[in-house]
Each structure stands twice: as structure tokens, then as C-alpha cells.
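Structures follow.
Below, subunit A partners subunit B and then partners subunit C, in two separate complexes.
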Partner chain A sequence: MLDTATSEDDTNLLVAIVDTNPLAWQQSATAKIPLSLDDAIRQILLFFNAHMALKHDNKVAAIASHIGHCKFLYPVTDAETHRRQANPSKIAKDANAYPNFKDVNDDIIESLRSLMADTDTPQKNLNDGTSMISGALSMALCYINRITNQDDLGRIKPRILVISVSPDSPYQYISIMNAVFSAQKMSIPIDVCKLYGGEVAFLQQASHITGGVYLDVENPQALLQYLLFSFLPERYARNYICLPNKEQVDFRAACFCHKRIIDIGYVCSVCLSIFCSWSPVCSTCRTKFAFRALPPLAGKGRPAISRTASPAPSTAASPGSSSPMSTA
Partner chain B sequence: MSGRKAKKDDDEYVDIDDAIDTHENEDNQQGGYSWEEEYKRSWDVLQEDAEGRLSSVVAHLQQQMKRRRLLRDTATVQRGIIRHLFLVIDLSEAMNEKDLRPSRLELTLTYARQFVTEYFDQNPISQLGIIVIRDGVAERLTDLSGNPTDHLRALKNKRNQETSGEPSLQNALDMACASLVNVPSHGSREVLVVYGSLTTCDPGDIYDTIAQLKKEHVRVSFVGLAAEIQVCRTLCKETNGKFELEGKVELVQALTWPWCFLYLGSYGVVLNEAHFKDLLFEAIPPPAITQTRNTSNLVMMGFPTKSNDLHPSFCVCHSKLTVGGYICPRCSSKICELPTDCDVCGLTLVSSPHLARSYHHLFPVDNFIEVPWSGINSLHCFACQTAFESSPPPGAGLESNSGRYSCPRCHNQFCVDCDIFVHEVLHNCPGCWAAGSNISTVQIHSKKQPALQTDVMPMEGVTS
Partner chain C sequence: MSVINFKTNIYDYLETLPIFTFQRLFQKPATCLAIFRLLPAIGRQIVMSILYVENPIPLKDIQSWVYKDGHKKLQEALHKLSKLHILEETPEKGLIVNSTFRLEFKNALSGGGEHQSFGLPCATVDKHKVDIAFLDHFASTQWEAILHYMVGTTMTKRPSRGVLNLLQKSDLMNANASESGLHITNKGFQFLLQDVNTQVWAFLLQYLDMAEMLKMDLVEVLNFLFQLGSLELGQDYSVETLTDTQQQMLEDLGDYGIVYRRKKGSRRFYPTRLATTLTSGTSALVTSLSKKETGTAASSAMIAAAEESHDEGGFLILETNYRVYAYTESPLQIAVLNLFIQLKSRFPNMVSGVITRESVRNAFLNGITADQIISYLQTHAHPQMRKRAPLLPLTVVDQIRLWEMERNRIEDKAAYLYKDFNVQADFDAAEKYAKDLDVLLWSNSKQRKMVIAQEAHETLRTYIKRRLAGNRDTG
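Right after this comes the complex of A and B.
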């Protein structure tokens, strides 16, 4: 992990990943405490404005994590800006609005509108109705990498905020973990704001590993308050402010055969898949395993006859250990 | 910040001789030495462009250097994920030479520290041990363990940095072999030797040692600082053997070619400091398994839960009073940190992110392909939104490189910085994961079994 010291003079870059999964938002809008996407976006835009208001050079980027693909909401590319400026009718000039805020808000709203209106998205697999959070994380990290390389003074301190309403997608576990480890290596905290959708173990692990804030929002109508209190402080202020996180993150694994959480498992040394009980063939990579000497059965006297394929003795009690007591 | 500046210097360091020699060598003679080849005019590479400037040529060379490091083997093969590596460092008189700045010894120790950190970062469930040789005697600095701080502390210790006498290769290899014999069969057994001297002072016949290493399936790699030594070359050849990668037979003779570092090098002689670092770090990604025996096992591992006590209790690793720690699921003793082996019952304890760190070795991202001007389909990079040049510069044909690199699966186009970032740090293609098109098929090849398509991706850490 990079040891990056923060200071008051840093420029803070906030990359927000907004989960725009329409199925989940529809459910959230009709839940017990309803929050529709419109309300949420209004509050999120206010939060972005607050972030930019803290310092004159604070920057914001937003990525939408939709159900089939991901898209940058802000900043928009030059080509897109030209196209929008060619339609001046949509954007009214308001003398009372601070132009920096207004530009960001208008761009994000326009991008979201075109995202929702675009029903042409190529969706080969619907992936059980979850949004492409790993793609959004990857794009966020590439964008941060570009900004950091362009920054010569080393003053830009990035962080990622994920606003999530969808459940975990097991297909994306490996890519989410890859993104999380990259963020850990680059010292980028990943904050998670969970609005709706139950427990998400992957995002909890992500915020724990990178040292970010994790918050389960209980009253979604008060989203802006949660955002301003827990997610607004920048990395320097986090040294002094106590922010919520999940104390007990469960890092145990689930076995591949039954999807049960296990305490002790058997790991295939080839493909690293986890099983709850010993079997002679790995179901993922079809590797055949060497039979080991079985431990003596209690009360039956003789141990079972064993066939060892490899000469090195490997009992279940000492895998991978080379204790100092062994003669060298 | 100084770390990043140093990295920038590394990136911008362009050695024209390197750029020429290795490119030409991979096309031409296999197994020749540089003095046997045609005289090269390396200054001809720097040609001024139409306006008399060299900057574009230098930028182009830099880009080439950057990408050259990337093109690595992305075949999905069996790799030894659980590794046991001995790092052997030569502390003989020859290491005081100053041909590598500031001296061979200091540079070796600096890189060794970086190597240890990076090794445990990429292979969290593996183990490392350090052996040093001086005065004809091999001394074990640290035993095989999975904790990087022990190794770093040993390397920092001033007493361990003194050089004297002659090195003894046989003693070092015997010591490493004796420790590796006790390693269970599913773990890979490797030795990486950093050798600066041209001689070795052995008590017996080194070919006996070579035979024993072969018998115990220990794989030896060398990084030579002085020149190529025949005995070392034989050692590497004998202990590595032949292995097949997806039908391509990659002979180890190619690996022992001193200037060639594009293959999985097992013997390399350094050309300069940057090359030394590259050679040393080549040992970090897990090597492909040579199928000489059935080495796969189901390893029993425990996944402990964190305990947050209010009162301090003793841990079994340091016998100190600590608050909080991990509880071994088999013997319920308290351990301070993961990954480790439980000191009481010997069970390997890991958490699921440690296993997840190694997944990218098993499912690597495909190399991106350069896109000529005739094949462009976007005006900005898909991942970072950098704008590309929209039309080729005057004088460049339609087939010249447009600065875009495309993923062979999702056909999105990326800039060169994103290409490097994706392959070196991120290990996810943003295009593939942001488009939902190819998530569910993963193919795992192994030499003997047929290719298997699996739809089941690991679902770990789910609490419900």
C-alpha cells in the first residue's frame, strides 16, 4: 500500500458510482419507506455540490452502473458536449445559479436521461437483475489512474463512493475483488452507502479492505443527511472524524457445492475452489487428487489401506507448514 | 510521492541498446552471442522527424518499452499457487563491485526487500525463506514462513549485510533442498539465486546436488550479476525440464539465453539496474506447473472469525496479551494475524480475500491488440474517457498505430495508459465487465484433462 500523507491543501477527487438498476429502484420506490430514483438523484446532486463547495478545486466524477452496461455520467466527452450545446433549448440560462454547480447538475441529468431512454443495451445475460458494479469500479479506477498520472504535484487525493441498491452478484466476485485489491494498493478508500437491497457481503469486504466508510441507510428519505454527515469528509479530515463502518465483516468463505458458509474447508491447490468435504475429483477443474493415508479410525484398530501417489507424506494436519523443528 | 517519481523515472528510462538488441534477437539467431552477430548501429534508430525534432521518436520508444513489458503469457494453465520459495543471496567479495549503482550488494538488498513485499502481495498463501552464502558457508537467515515482516527485518539487519570470502553454491542448494523436502506435495518448491561471483567453492560434486534437486522436484532459477556460468545454466536446465503451454513447446534452452527476458526466464544475466529488477520480479507470478507428478491436493484450510473481546487474552503466536484476534476453528486458540499456520494444531488459516488475490493469476486478462487507423471505432478511451486523435497525422498510412488498443473479447478500445494499468494492476478488462457479455464462461486448461467450461463462479463471503 502506498503511504500517502494527506494534508489540508489536497485537491479531493470524488468518484461516485450510482447504481441505476431500474428493477431495484422500482422496488425501492414502493417499499415501506419509499425512495424513488428522482428523489435520490436530487439529493445526490446536492451532495456533489456540497463536495465541490468545500474547496475551489475539488473535483467530482460520476459513473452510472446500469443493469447491462456502465456509463460515465460526468465528465462527458468533448464530442458529447458539442452535441448538447447544439440543442440549446433544453438548457435554460439561469442568472441565479452558480455555473459550476449548474454545469455538473445539468450534465448528469442529461446523461441519466439518455441512459434511461436508451433501451438498446446489449444484454446477453441479464445476470439475475444486478448492476455491473465491477465494471463501474474498473472504469473508476482507470479514470483515477489517468487523473493521477496527469497530476504532477501529487496533490490529488481520490476516493470512491458507491451508492448501491442491488444485491450481490456471485458472477462478479472475482472482478470486484480484483478492483478492491487495486484500490487498496493505490490507497483509494471505497465508501459504500447501502440504500436498499439487504446485505451485500462483497461491498462490506470492499470497504473494510480499503479502509472506507460503510453505511446501511435506515431511513432512505433522509438520504442527504446521511450523505452529508458520513460521506462528505475528505481523506484528510478522516484522521480526525469518527465515521461509521461495519465492525464485524464476515470473511469466511462459502463452499462451492452447497453455498454454505464454512469454517474449515478443503481448497483445491490448482483452481482454489473451496469444498466442505473431501472428494477425489475437483468439480471445477476436474483435477484428480492423490489419495492420502486416512487417519486411524477410533475404536476399529487398524487404519484403512492407503494408496499414496506421491512420496512426500502429507497429512491433513500439516498442510503447507514447514516447522522449524523439522531437521534441515 | 517520491515512490511515484521514482517509478516515472523508471518508465522514462530508455536504453536504445536494449530496445534494439532484444527485438532483433528474438527474430534472429537462437542461442547466439552478441559478439557473433552483425555489428549494430544503434544510433540509426534515432531519426529526426520532418521538423527536425527527436521528441516524437523518444516518445514512441517509450511507448514501445512500456508495452513490451506487458506482453506476457496469458494462457490459462495450471499454476502452482501455493509456493515455497527460497531466496539465496550471494554475499561474497564479488558483490562489492560497483558496476551496478551504488554497489551490487546494496542494489541486491534493496530489490530483495521490494521483492519480498511484492511476493507476498501477489502470493498471499505462499512462503518464503532467505539463505545467504559467504566464506564458503551457507547460512539460513529466515526459515520458510508466510510473514513478510520477519524477512524484511532480517534483510535490514546490518550484520547480515557484510560480505566476505567465496560463495558456495552447493552448500546453499543443499540447505534449501533439505528444507524443501518437508514441504507437502501440493506446494511448489522453488529456489531463486542471486549470484554475483564467477566461481564457487564446493565441498563435493555439484552434480550430485543437481541430481538430488531433480529427484525432489525443486526448481532453480538464477539471476546472474556477472556473466553466464555453465554450471548455473546446467542447473536451470536440469531442474526445470520441459513443459508444454497450450501445445506450444517452450524449451528451457531459450530461457537460459542471457538477454532474453520475454520468456519465463529461469536464468538471466543482468544488463543494467532496470533489467535486474525485471529479472528478479519475474519470479513473482506463479509458475506454470510441470506435470511430472500428481501434485494436486485438497488442502485443508480454516477460515477463522474475528473475535472482539473486551478483555485482553493470550495469543498463541507471540504469547502476548492482546485484545481481539482470530479464533482457529479447530482448536479455538487465538491468532494475531492472517494468513498463517495455527501454532497449536497446524491448520492453515486464511481469509477469503487471500485466496481471491491469487485468482487473477488463474484467469488473466487477454493482451490487448493494437488497432490500426483502419479499424478505429471510438473517439475516446472506453475506460478513462481520454480523447484520442481523430485522424492520422500527415504521412502516416492507414495501417499505422492509432494509439488505441482493443480487447479481443469485447472490442472496446483503450488508451495505452489504461492498457498498462489494466494488465499490471487491475487485472479486469473494464469493457468486458461493463458490458455483461462474457462473464459466465471461464475455461481452465490443464495438460492432461480436456478443457472444461464452467458456469459456476465462486460465491464467497455471503452471509445469508
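Right after this comes the complex of A and C.
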């Protein structure tokens, strides 16, 4: 489908979310085809340079999704820039590197270094050691929103790239999905490049819903080639270039009660929250359901006894379901 | 009157260079990067996709990467890539990136190598440091001095000899026998209506032509120009890494306001905004490409070009009643507007005028075309105008085009008149033959007369002769 809103003269803003979860990278570095964080960053930086090489005014932003928190790698805050410029070793510039590339690369490496130095001190809430993808996505969306608002002519075309190594965190299901739907609303494609680890159902859905690219990297050593080939095309070029995406998307959701990924569950008829087991009250919207889990057949014609709603679709229907308007 | 085609487009210029020159150009990563950015979007993507692939890729594979409706664009892109010698064809019908380009472009991306092509910032602090505002001022005064000289305002100083020479060589101005000074030509009028980036490139391309005559090394000149495009505004650079030719160029470029040096022989130079936007603004490229396309595509490209130069700040408001309000006090802008607008009143910070048939026709007489007027109005439209779509009132745009067409009501062609056919059948056959060849300019079957374009005269005569002879034989 042609995306007519894009043109060849657009400025492209690439917001990359790099999963920096040290635990996952540790595993990746010792996998069958190993790829350490250092190697990956080197290739990712080259990819950023390639993106900026495409056009003079192409922009890049990078966010680290770390354990328990996330942080902007580039651009850094003004205070940070001043602090770094005060450092004399940074001033030495050389004529062999394109200044735009060099500044971005140096900033990212510097930020990563400080991020990694902080990690050594034990974190208080290491909730099951997963990366903060949802936080990073929200940060990316906020950043994009700010940048596009500043641009009156609407010529900045943003997209998000998630480079993921760690597995899904069902705890973040709700916030990830909220971010994904906002991205869809703002028509920002979310590309997902999965380097290591099992299936990531949520990110698959993210790229599917927003029309982004999803790629399972088979040979992580060749990350750069994957990135250049599949994730570099800007939104205008995507009208013409075939890109990989997932044919079979894992649409499973996580339940709100125990954060388990489930195939079949109960859905609240009022707020559409998902539960893995039946409960009398929806924990999200506090709707009281009718107590009878299995409906007696004779109850069909009778009006609802109490003015309560029912745990609707799934498998069971309670008497209240015949009059869906009777929700509390 | 034909539009004099400015060789503004650096791409067109590069195309004419021999492969040997390219091999040398590609040795500088800064040049590789600048040339790479000249490519269309699909072309850039193809290069990136196969940059790190060592083996040739069959053409068929590359075609399979693109959807069906992108094939035309792909073809175009591949054509450009091979013209610029970036992609090379191997005997087995495969495509591979030129090895020099591959190596140096990788260096550009990774910041490796020992080429020093991105300019060496000065290690020491300049005692007479200048700021960006100063550089902007310097650039605009230098550049406008040239333009002022062209429109003949006498308030600025005369440009240097080198500039005058270039103006004359490029046929923007010519020496008038009766008067002492130089006189602006039709081409010069057209030049004035272009946006600054295009003007600068037009000037530099002319400079390149001259460089060949002056026995300067073309590759070094081009490398330096592309290097300028990659420099940072407000940073001082050392002349150490420059070759002799390039140091010589510094002096000339200083005259145009492209670089600033405090005094001749200074060890450092500052690029101005004219330099740093050389390769970034695609506006020069877009407008020249749009001439090849037609209709809506062309106009949208021009709007894009106009937006490109947004930072220059538009000052023109055009209303549907043909009135123009220009918020400017620059005598240069007013002089340029005067080329096609009848100015009515003048205020401290603005002038107003009307676009009339007479004023536009005057512009046409000077060799300016309707498209140039329209694109000028678009480029310099006031930010308030920019919020509307279409940018310019359609009535005015159409009317300017109509006025141009008025002037082209008659066109003359050398031709031959054929008449006095004895038999209607002979006439019909000859007429059909001419039609098939697409050389028939006019015909009247009743009077048995037709007019044939000059170049087809011989072919048609032999055809008729043969036919008549054939008739005689059988009859």
C-alpha cells in the first residue's frame, strides 16, 4: 500500500530502543552464535551512521532499555553535554571522521559507559530482571511527539526501532500495548529486530499493529547486514521496497491478574480486561459479576436477579448476559 | 525563446566526467558521502544493502527486492548508479559496488582511514575568533555584492576581478561595446530568480569549467567543494591538510563569500553558511529534476524546493487580485522583483506592486520564463502563505502561464509544399505516408496540397517518384 503522506524530501527521525539488559547480553555472548554487547553496539553505531548518511537532515535518537529503568543515550541533556565538553580529552577532533557521525557515536558510547557503570551497584527493584521496554517505548513516543510538534511543515517522518535481546515481560503487557496503540494512532511504525531469546509475542504484535518490520536474526554476527538491509529503508522507500515481516503473529495476551500469557481466558464485558481465571469482581473496573458461573438453561427468560454484569465472552455466559445493558 | 539550461545540477556535471576521474574522486570519503547523497532514495538504499556484500549480486535478485510499481524507480536508480560508476557490472550479469567507493564509503561511515578529507579543525584557539552571525553577514554581503553588481545597483563595492571574469565567462554578463562596464544578459536575469543554493552551484560549476582551463586539478577542486559541504559552521579549520590547488581556491571562494579568512595567508579558514549547505539543501537538485517531470509532480517538487529554503525566510505575499506585498528593504530583492512586477508604492519595510500583463511580458522579453517567475514566488513566499495549499493563488499562476503562451502563438518551421497532384489516390497515399512518418505539418485533401517538414523532403520525394513510376508501368 502506498503511503502517500511521505515524500523523498522528508526528514527521517529514527528512534532506536536498544535493549541493554546485561543478563540477556551475557547469555547472548555465550550462545551458539555469540554476539556480545560491544560487538552489537559497534554494528548498531555503523547503522546509525548509515541512517544519517542517507540524508543530511536525518536525525537519530537512542534510548537504552535497561533493567528496571530506561535512559536516553542520545541526544543527551544540555547539562550533560556541558559536563562532557568540559572534559578536555573530548575536544580533540580529527579530519578522518565526519563530525556529525562522530558526535553522535561519541555521545552514545559515553552514555552507555556511564549507564553500565551505574548498573554495578545493586538495584533495589530488579523486578524479575527484565528490560524496561514499555518505559522506553513511552519515552520514544514522547520524544517523537515533541519533535514533530516543533516541525510546522510536518516533514519529519518518525519511526521506532526496537533491538531486543530479552524475553517478554508479561508484567509490562498493559503499558506496552498502550504505547503500541498510541504509536498506531500517530502512525509511527515500530520495527523490531530480535537478536536473541525466545518468542517475543508483544513486540510481534507491536510491529504487526503499527505496520513495521519484524525480523528474527538468525545469524547475530551479521547484525549490521540485517540492519542495513531490512531496517534502513526510510518510510518513503518502504513504498517500493519489499521488507520482511512476520507472517504468523503471536496474538496471545497476558492476563491482568497473574501476568501469565494465556491462550483462552475471561474478558470483562465492561472494560475488556483479560483474566486467566474467573473472579467475582473485575479487578480493573470494579464491576461486580453475577455469581453463577454456569448458567442454568431455564434462566433464559428471567430478568437479571441482581443488577450486576457478567464475566462475558469466553466460554461461559451467565444469566445477566441476556440483558447486556444491565451492567452496574 | 528557448530556456537556457543552467548547468546548475552538479549531478549532470558529474555524469560527464570520465571513469578515471571517478576513481580518483572516490578516494576521498567526504566526496563519496556527498555523491551518495545525490542519489535517489531507492538508489541510496540499494547501495547500503549491498555495501557490505563482497560478491556480485545478480540483477534479478535486486529486482526482486522491489515491488512491481517501484520497478521504474529502480531502473532509474540503477541507471544513475552505473552512470556515476558506483555500481559496476560483472561479466556474469551481476552488480557489485565499485571497490574504491566501497572501501572509502565504509571509511566515511566508520570514521576510519587516513584521508583527512573532512577538514582539520584548528588545534589552537583563534585570537580573532568570529561568530556565526559575523560569518552569515560576511557571506551575504559578499554574495549580494555580486548580485547587486549584476542588477546594476551602485551602492556596493565592485566585485573582484576574478568574479567579473567568471560572470563574463559564464555568459551571465557580457561586455558592451558602447559602454565601458559589463551588461547583464538574458541568462543573467534567469540566474537572479534562482534560489541561493542553485546560484552558488551554478557559479561553482562555472568555476570548475574555468579550473580546467587554468590547469587546476579538477579532482582536487571537486574534493574540496564536497569537503566544504561536510564542515561545521562556526568552526575554524586549518589549511594544513589542503593541497596547493585547494589553497589557491580558498582565495577565490573568499571572494564569493563561501569561506572566510581574516587575511590572505592566514593559517585558518571558516566555512560560511553558503559552504555548509552546499550538499545538504537538495533544492538545487529538486528544481532541476522537476523540469523533466510533468504536471502535478513538477509542482509538488517545486513546493518541496521552496520549503527547502524555508530558513531563508520568505517575504512575499501574493493575492488573488495580482497584488504583491514584499516585506523587504533589500535593494537587491526590490531590483529582482522589479524584473516582473510593476512596483506601486514603497514603505520603509515593504514594497507593494501589481503583476500586470505588461510587467510580465517585460520579464519574458528578458528571457525569463513563467516557470521561473512562479518558482521564485514560491521560494520566497511569506511563512503565512506557506500554511495554505496551494501555496500561490491558482488564478495568478495560470494567468502568468497564459501570458507566456500568448507569446508563442506562432512558430516557424522550414518546410516544403507539395501540390498539383494529378490523381487523388496519389495524394492520399503520399499524405498517409507522411502521416506515418510523422512529418505532415498541414494538408488539404480537396486542394491536394500538403506541407512536409524539411528534413523529410528527400524521403517523401523518392517515395512519390517511385509511386508515380510504378503507376506509369502498370497503366
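Please note the rule applied: the second predicted complex is superposed on the first by the 242 of 328 C-alpha atoms of A that agree within 3 Å, B and C clash if a C-alpha of one lies under 4 Å from a C-alpha of the other, contacts with A are read in each partner's own complex, and residues count from 1 in each chain.
Here is the rule we use: a residue touches a chain if its C-beta (ideal position, glycine included) is under 8 Å from a C-beta of that chain, and two chains touch if they have at least 3 such contacts.
No experiment lies behind these values; they were computed from the predicted model shown.
Contact with subunit B, but none with subunit C, is seen for A:N145 once the two complexes are overlaid on the shared chain. Residue contacts after overlaying the shared chain place A:T30 against neither subunit B nor subunit C. In the overlay built on the shared chain, the residue A:A97 is in contact with subunit C alone; subunit B does not reach it.
Shared-chain residue A:N239: touches subunit C; no touch with subunit B. Number of subunit A residues touched is higher for B, counting subunit B against subunit C. When the two structures are aligned on the shared chain, A:S134 is found in touch with subunit B, with no touch to subunit C.
Of the two partner chains placed around the shared chain by superposition, subunit C is the only one that A:Q225 touches, whereas subunit B remains out of contact.
Of the two partner chains, subunit B is the only one touched by A:F181; subunit C is not. Overlap of the subunit B and subunit C interfaces on subunit A comprises residues 2. Those residues of subunit C whose C-beta lies close enough to touch subunit A in the complex are 29-30, 33, 36-37, 40-42, 44-45, 48-49, 51-53, 64-67, 69-70, 73-74, 107-121, 230-232, 235, 241, 279-282, 286, 300, 304, 307-308, 310, 386. On subunit A, the positions that touch subunit B within their shared complex are 2, 4, 68-70, 72, 75, 77-79, 122-125, 127, 132, 134-136, 138-139, 141-143, 145-146, 149, 154, 168, 170-175, 177-182, 185-186, 198-199, 201-202, 205, 209, 247-248, 250-254, 256, 259, 261-275, 278-279, 282, 284-290, 292, 309-314, 316-324, 326-328.
The touching residues of subunit B, when paired with subunit A in their complex, are 1, 3-4, 78, 80-82, 84, 121, 125, 127, 140, 143-144, 175, 178-179, 181-187, 289, 293-306, 308, 329-330, 341, 345-348, 351-353, 355-360, 362-363, 379-387, 414-415, 417-418, 421-422, 425-430, 432-440, 444, 446, 449, 452, 454, 456-464. Residues of subunit A touching subunit C in their complex: 2, 7-9, 46, 49-50, 53-57, 93-99, 101-102, 105, 153, 155, 224-225, 228-229, 232-234, 236-237, 239-242.
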